[in-house]
Amino acid sequence: MRIDKRQNADMRPISIRRNVMKYAEGSAYIECGETKVLCTATVSLESPTFRDSKGWVTAEYNMLPRATMQRNKRDISSLKKNSRASEIERLIGRSLRACVNLDMFSDATIIIDCDVIQADGGTRTASINAGYVALYDAFEWMKKKGYIEQNPIKFQLAAISAGIVDNEVMVDLCYEEDSNAQVDLNIVMDSNGSIAEIQATGEKNTFNKEKLNEIIILSQNAIKDIMEIQRKCLAK
Amino acid sequence: MRIDKRQNADMRPISIRRNVMKYAEGSAYIECGETKVLCTATVSLESPTFRDSKGWVTAEYNMLPRATMQRNKRDISSLKKNSRASEIERLIGRSLRACVNLDMFSDATIIIDCDVIQADGGTRTASINAGYVALYDAFEWMKKKGYIEQNPIKFQLAAISAGIVDNEVMVDLCYEEDSNAQVDLNIVMDSNGSIAEIQATGEKNTFNKEKLNEIIILSQNAIKDIMEIQRKCLAK
Amino acid sequence: MRIDKRQNADMRPISIRRNVMKYAEGSAYIECGETKVLCTATVSLESPTFRDSKGWVTAEYNMLPRATMQRNKRDISSLKKNSRASEIERLIGRSLRACVNLDMFSDATIIIDCDVIQADGGTRTASINAGYVALYDAFEWMKKKGYIEQNPIKFQLAAISAGIVDNEVMVDLCYEEDSNAQVDLNIVMDSNGSIAEIQATGEKNTFNKEKLNEIIILSQNAIKDIMEIQRKCLAK
Amino acid sequence: MRIDKRQNADMRPISIRRNVMKYAEGSAYIECGETKVLCTATVSLESPTFRDSKGWVTAEYNMLPRATMQRNKRDISSLKKNSRASEIERLIGRSLRACVNLDMFSDATIIIDCDVIQADGGTRTASINAGYVALYDAFEWMKKKGYIEQNPIKFQLAAISAGIVDNEVMVDLCYEEDSNAQVDLNIVMDSNGSIAEIQATGEKNTFNKEKLNEIIILSQNAIKDIMEIQRKCLAK
Amino acid sequence: MRIDKRQNADMRPISIRRNVMKYAEGSAYIECGETKVLCTATVSLESPTFRDSKGWVTAEYNMLPRATMQRNKRDISSLKKNSRASEIERLIGRSLRACVNLDMFSDATIIIDCDVIQADGGTRTASINAGYVALYDAFEWMKKKGYIEQNPIKFQLAAISAGIVDNEVMVDLCYEEDSNAQVDLNIVMDSNGSIAEIQATGEKNTFNKEKLNEIIILSQNAIKDIMEIQRKCLAK
Amino acid sequence: MRIDKRQNADMRPISIRRNVMKYAEGSAYIECGETKVLCTATVSLESPTFRDSKGWVTAEYNMLPRATMQRNKRDISSLKKNSRASEIERLIGRSLRACVNLDMFSDATIIIDCDVIQADGGTRTASINAGYVALYDAFEWMKKKGYIEQNPIKFQLAAISAGIVDNEVMVDLCYEEDSNAQVDLNIVMDSNGSIAEIQATGEKNTFNKEKLNEIIILSQNAIKDIMEIQRKCLAK
C-alpha cells in the first residue's frame, strides 16, 4: 500500500475550476492532492517572428517561493531562469501545441502561464491538464471576439506522472514517492490513448521496454479519468 | 456615489484566511474586493550581515502575469526587478518592521512573500494587512519550536489606501478610482491610530495640509475595521 | 542644539550653480552642507510608448562609489539596480512631473540624471531642488530651438527633508541625524506651500497626525528659503 | 530511401577520438556525419552543497555561433542561457549520472562540457556518446592520482536519436529529417539494451505504444554499434 | 635557449586550414604550437545603426572552458562578458577593419567569431591571422553572390606576439614565457611592415624606446613568415 | 595650427586638485581642457583570491550620462558593462600597478574609481594622471593608519594621448582631433621617460616605426610637464 493508502492505479483527488480570473482570456485552477496550480491563458495579438504571421502557443512555468518545503528564491534574485522550469515549460508548450491546429489562426500567440501555488509532485502534468482548459477557453474567447470561426483544438489532451517505486508500478506520484522512484515518467495523451509526449528516466536503474509498456498502460487509464474531469469542467 | 455604489468612507468587502499553505511557517490569503494577495512568511535561520546576528524582517512583492488587465511580463524575462515592485516591497518591509521588536530574536530573518494573484487597487496595503497575520504566525511557529520565548510583535498594524477623486475624499480606491485620483495616499497605522508610514502624491495637483488631515481621519476609521478583521482571523 | 550647532529650523548652507555642463541641455550642481549632487537634463526627442506622442519627464538617481563612507559597488557589478535608488528616482520623477504641464509639449522626454558626488543626508531632496533648475533650463533650450513656444512649468517646486530626532522636530537632517531619527520625512511643495508629495516613516516609533502637522509647518518655511535660492540662481 | 541514401536502420559514419585536449582530465571528439562535438571532462575537487561531500556528475552544452546554418548569438549577448541548451544539458547530466556509482567517490564533481562545433542533427546523443568516453577517462585520471581506487562507472552507456519520417521508422536523423519528423525520439541505453532515459515527442501527430516499441527496437541495434565504437576507442 | 628549444626569432609551427566549416561564409582553423583557434566569418545583411547603411566588420572572442589549464566558467554562468575577452575582441575587430575598405560594401556586417579551442599563448594574434583568412573568404562569398564586385580588402594583415623574457627579446611567446615576460607586446602589420596596431606593456618594468624598436624589428620578420603561410593557404 | 590654436607640442591647460572628497582614502580631480575626471582611491582590506594575501591595485572607469554630447545610457540599463570602459579600466589598472611594489603591502586592494564628469578626449590618460595622485594618498593613509611603513610607489607615473592628425604629429588630442586622427596613441611613462604601457592604432592607415618614434618623443616632453603638475599638487 502507498503512503497515503492509495492503490497503485489510483490518482489523488483532482478538481479543476474554470474561469477563475477576472482579466485573463482563459483560466483554470487545478488541485491534485496537495499540488495546486493556477493556469491563465493570454491572447497576445502577434505571432513570434519565426512563425511569420501564423498562430502559436507557448507556456511559462513558475513556482511561488513557498510552493515547496524550503523557500525557493525568485528567478530575478539570481537573474537566472530556473533550468528545471525551462525544461518543464518547454514540455508544457510542446504538449499543448500538439493538440492545436496552428494553421487555423494567425497573428496571435496564446501564452499559458502556469504558476505553482503549492507543489507535492506532478506539477508539470497538472499544468498541462489545467492549461488545456485555459487554452480551450482562450480560443472560445477568440471565437466570441470574431478572431476565429472555429476552435482550433484538434483533440482533447491530458497528462499524468507515473513510475516505479519499491518495484511497484504506480501513477500520480506525490513528492515523497517521486523522490524515491526507480523510474519516473511523464506522459501526455489524446483521448484515444495515443501518445503526444513521453519522458522516462531511470533515476537509479535502467528499465526494459516491457516495464515501460506496463507503466504506459496504467497511465492510459488514469488519463481517461482526468479527461472525464476536464470534460465536466468544460461542460459547466 | 462611487463606481461600485460605495460611500466615501466604505471599504470593499475584506476577508483574510490564515494558515492557507502547507509548508510555510506563516501564511494568509486576503481578498479585498477583486484584489487578491497570497502572503507567506518564511523563517530563515540567519540574519543579514548588516544586522550582525540580530533579527530582521523583509518583504518581497510580485504580481502574477495575469493579475492585471494586460499581461505583465515576468521580471526574469527582462532580467530586471520591476521598479514599482521594488518601491512597494521596501514600503511593506519598513512597515512590518515597525511593529516588531527586532532585538527580541536573533539569527533569523522573516521573509514575507506577497504574491498578487489579482490586482484591482490597494495591493500594497492588502499585502501589509495579510502580511501582518502571516508574520504573527511565523513568530508563533518560532515560539513553538523554542527559538523565542515571546512573540516580538509590539503592536497591531494595518494599512489602507485613500485619496481624492472628483474632489471627494474616499478610502480603499479600486483601480479605476486610483487611475483618476487627484491625490493618492497609502497609510499604515497602529491600533491607536498613530502613523507608522504615510505616502501621499498629488498626481495632478498639489494639496494642502488641511486636505491631508481630512484623508488621514477617514483612513483612521477604515483601519480600525481592518484591525477587527485581523483580530477575528487570528482568534480562530 | 544640533551636531553642527544649527537651530532646528535651520538648513545647512545651500548653493546651486546653473549651466555647469558643456553638452547637457540643462544642468545644475547643488551643495547642501557636505551633500553634493550634479543634475543634468537631457532632451530626448521621443516619448515613451505609453504616452503616445505626448511629453514626459523622468529621472535617474545614482551615487558615485565614494559618495559614502563605505565604498558602494556600482550597480553593474551586481547586475542589479540598487532598490533604494529605484525608490528615490521614482519619487524624483513623480515630483518633477507634478510641476510640468505634460500636455504642452510632445515627442520629447526630459531625463533628469541625478548623480550624487557626495552624500551626507538629503540627497533626494537636493536632487529635486537642482533637478528643477536643470529641467527649467532644458525647457528654455527647447523654446530657443523652436520645439515649444512656452515653458511648460506650471509652478516652482522644491523639497526638504525633516524629522524628529531626540524628540525634537528639525529640518534638513545630515546623515548622522537621519540615522538616529525617530521620524523621517521628505516633502515636496509648490510656492504656495501646497504639497506635491509627502513620505514619512516612523523608523522606530509611530507618530500622530499632530506631530506630522508640526513637521510640515517647519518644512514649509525651509522650502520658502530654498525657492529663493532657486529663483536667484535662475535669475542670473 | 533516405536523403543521404542510408537504410532506415543505418547510422551515419561515426568516429570518436579520445584524449584530444592538452589540459582536460578527460576528452573526446565525436563526428557523426556532419555533426561534430567536442567533450571535455573536468575534475573539480568539490561537491555541490546539496550532495554534502558525495560525488557528482554534471554537464554543460553549448553551440558555437556557426555550428548552424544561421549564426546563433552567444548566450552572453542576451544574458540568457538558451532554454533548449538547458533542457539538453539536463538530459546529458541525468543520463551520464545513471551509469556512475556516485557513492564511490567524494569531494569531487565531474563537469562534462559538450561544445557543438557543427550541428546536423543528433547533437545531444553525440554529446552523451563522447561524454561517456571523456567521463571514463576522467575517472581513470582520478585513479592514477590516487583520488579513487576503482573507476565508479557501473555500465557502458550510449544514446541514439530516432523517429518517424514520412511514416518510416528510422535512426540517427540528420537535421533535415529531424525537421520533418512526425515522431522524434532520443534514447539512452546500457549494454543490455535497458533504458536509462527516453524522450519522445509527436511533433505533428500522436503515436501509439506499438509504434513506440518499434522505434525502441531499431534504436537498440544502433546503440549496440555505437558501443562497439566506444569500446574500440577506449581500448586504444 | 627557450623552453621548447626555439631560437628567439623562431615561431612555433603554424598551420592554417581554410574553409573548415559547412555553414559559415568563411572559416579558418589555426594551430600555432598548442594554441588552437577556430575562426568563422558570418555575413549578416545589415549594418549597425551608427554606420547608417555602410559596411562594418566586427569580432567576438571566446575560450572554450577547457582551453586552459584550469577550467574557465562560461560567461553566461556569471552573466558577465569576460573583460579580458572584451579587450581582445576590440583589438581583433579594430585590426581587421584596418585592412578593409569599409566604403566598398554596404548593408552588411561581417562577424568574425574567434573560438579558442586550446590556449598556449598568442591566442589574440592567432585569431587575427586566421580571422584574416576567414574574412577574405567571406568577401569572396559576397562577390560570388553578387553583393559586391570586388573584394574590399586593401592589404594583407597579420599579427604576432613578442616580448622580453629573461632580458631576451623573442617572438611568439608560449604561455609559460608570457607569464614571466618583462615586456609583453602584440603587433599587427601590413605586408610592408607598417603597423596597424601595437600594444606593449611593461608587466614588471618599464622599457625604453630603443628596446621597443628592437622588439618591433624582430616581429616584422615573424610577420613576413606568417603572411607566406596565409598566402599559401588562400592559394589552395 | 590646431582647432584651439595650440601648437602641436602643447597640451591643454591641466589642473589637478587633491583630497577633494570627504570619505575617500585618496582622491583627485583633474581638468584637462574640457575633460573632467574625478578619481577616488578606496583601501579595501582584503586581497583578491588570485593574489593570496598579497596587495593589489585595480581600477574602474565610468562616464556620467552627460559626459558626452549624446547622453550615454548607464550600464545597468542594458545590464552590460560598456566594452570600451572595460578596455580602458584594464589599461588604467595595469598602468598604475606598474609603479607600485605590490609585495610591499598585503591583505589590501586599492580600488581607483575614475568617474568621467565631462569628456573631451584623453579621459583615460587623465584618469591615470589623477589616479596616480589618489593612489599615492591612499598609501599615505595606510602609512598613517599603520598598515604599512613605507609608501610602496616605486616611481612617478603619468600618461598622455598623442597621434597624427592631418599628417601632423601632436599631443593631447581633444575629441574633435581624436575623431579625425590617422594614428591614435596612448602612452604611460615613468619619470625617466621609460614606457610602462603604449597602445597605438592606425585608425585609417598603417604607420611605420619611424613615425611611431616621433610620436613617442613628443609625448615624452608632455609627460614631463604633467609630472611637474603632479609633483606640485602632491607638495601642497
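In order of appearance the chains are A, B, C, D, E and F, and numbering begins at 1 in each one.
As a convention for this text, a residue touches a chain if its C-beta (ideal position, glycine included) is under 8 Å from a C-beta of that chain, and two chains touch if they have at least 3 such contacts.
Note that the structure is a prediction, hence the values are computed from the model and not measured.
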Fewest touching-chain hops separating chain C from chain E:
2
Chain D and chain F are the same sequence; what rotation (0 to 180°, nearest 5) superposes their CA atoms?
120
Would you kindly say which chain has the C-alpha centre located farthest from the C-alpha centre of chain F?
A
Can you give the whole-Å distance between the Cα centres of chain B and chain C?
27
Centroid distance [mean C-alpha coordinates] between chain D and chain C, Å:
59
Distance from the CA centroid of chain B to that of chain D, rounded to the nearest Å?
51
Rounded Å distance between chain D and chain E, as computed from the means of their C-alpha atoms:
33
Among the residues of chain E, pick out those that touch two or more other chains and give their numbers.
79-81
Chain contact graph, described as a line, ring, star, complete graph or other shape
ring
With chain A as the start and chain B right after it, run through the chains round the ring.
A, B, C, F, E, D
Given the complex with chain B, which residues does chain C contribute to the contact?
79-81, 83-84, 86-87, 89-90, 94, 98, 155, 189-190, 192-204, 206-209, 212-213, 216-217
Which bits of chain F are touching chain C when the two form their complex?
21-24, 27, 34, 38, 40, 42, 44, 60, 62, 64-69, 71, 74-76, 79-81, 111, 113, 115, 117-118, 120
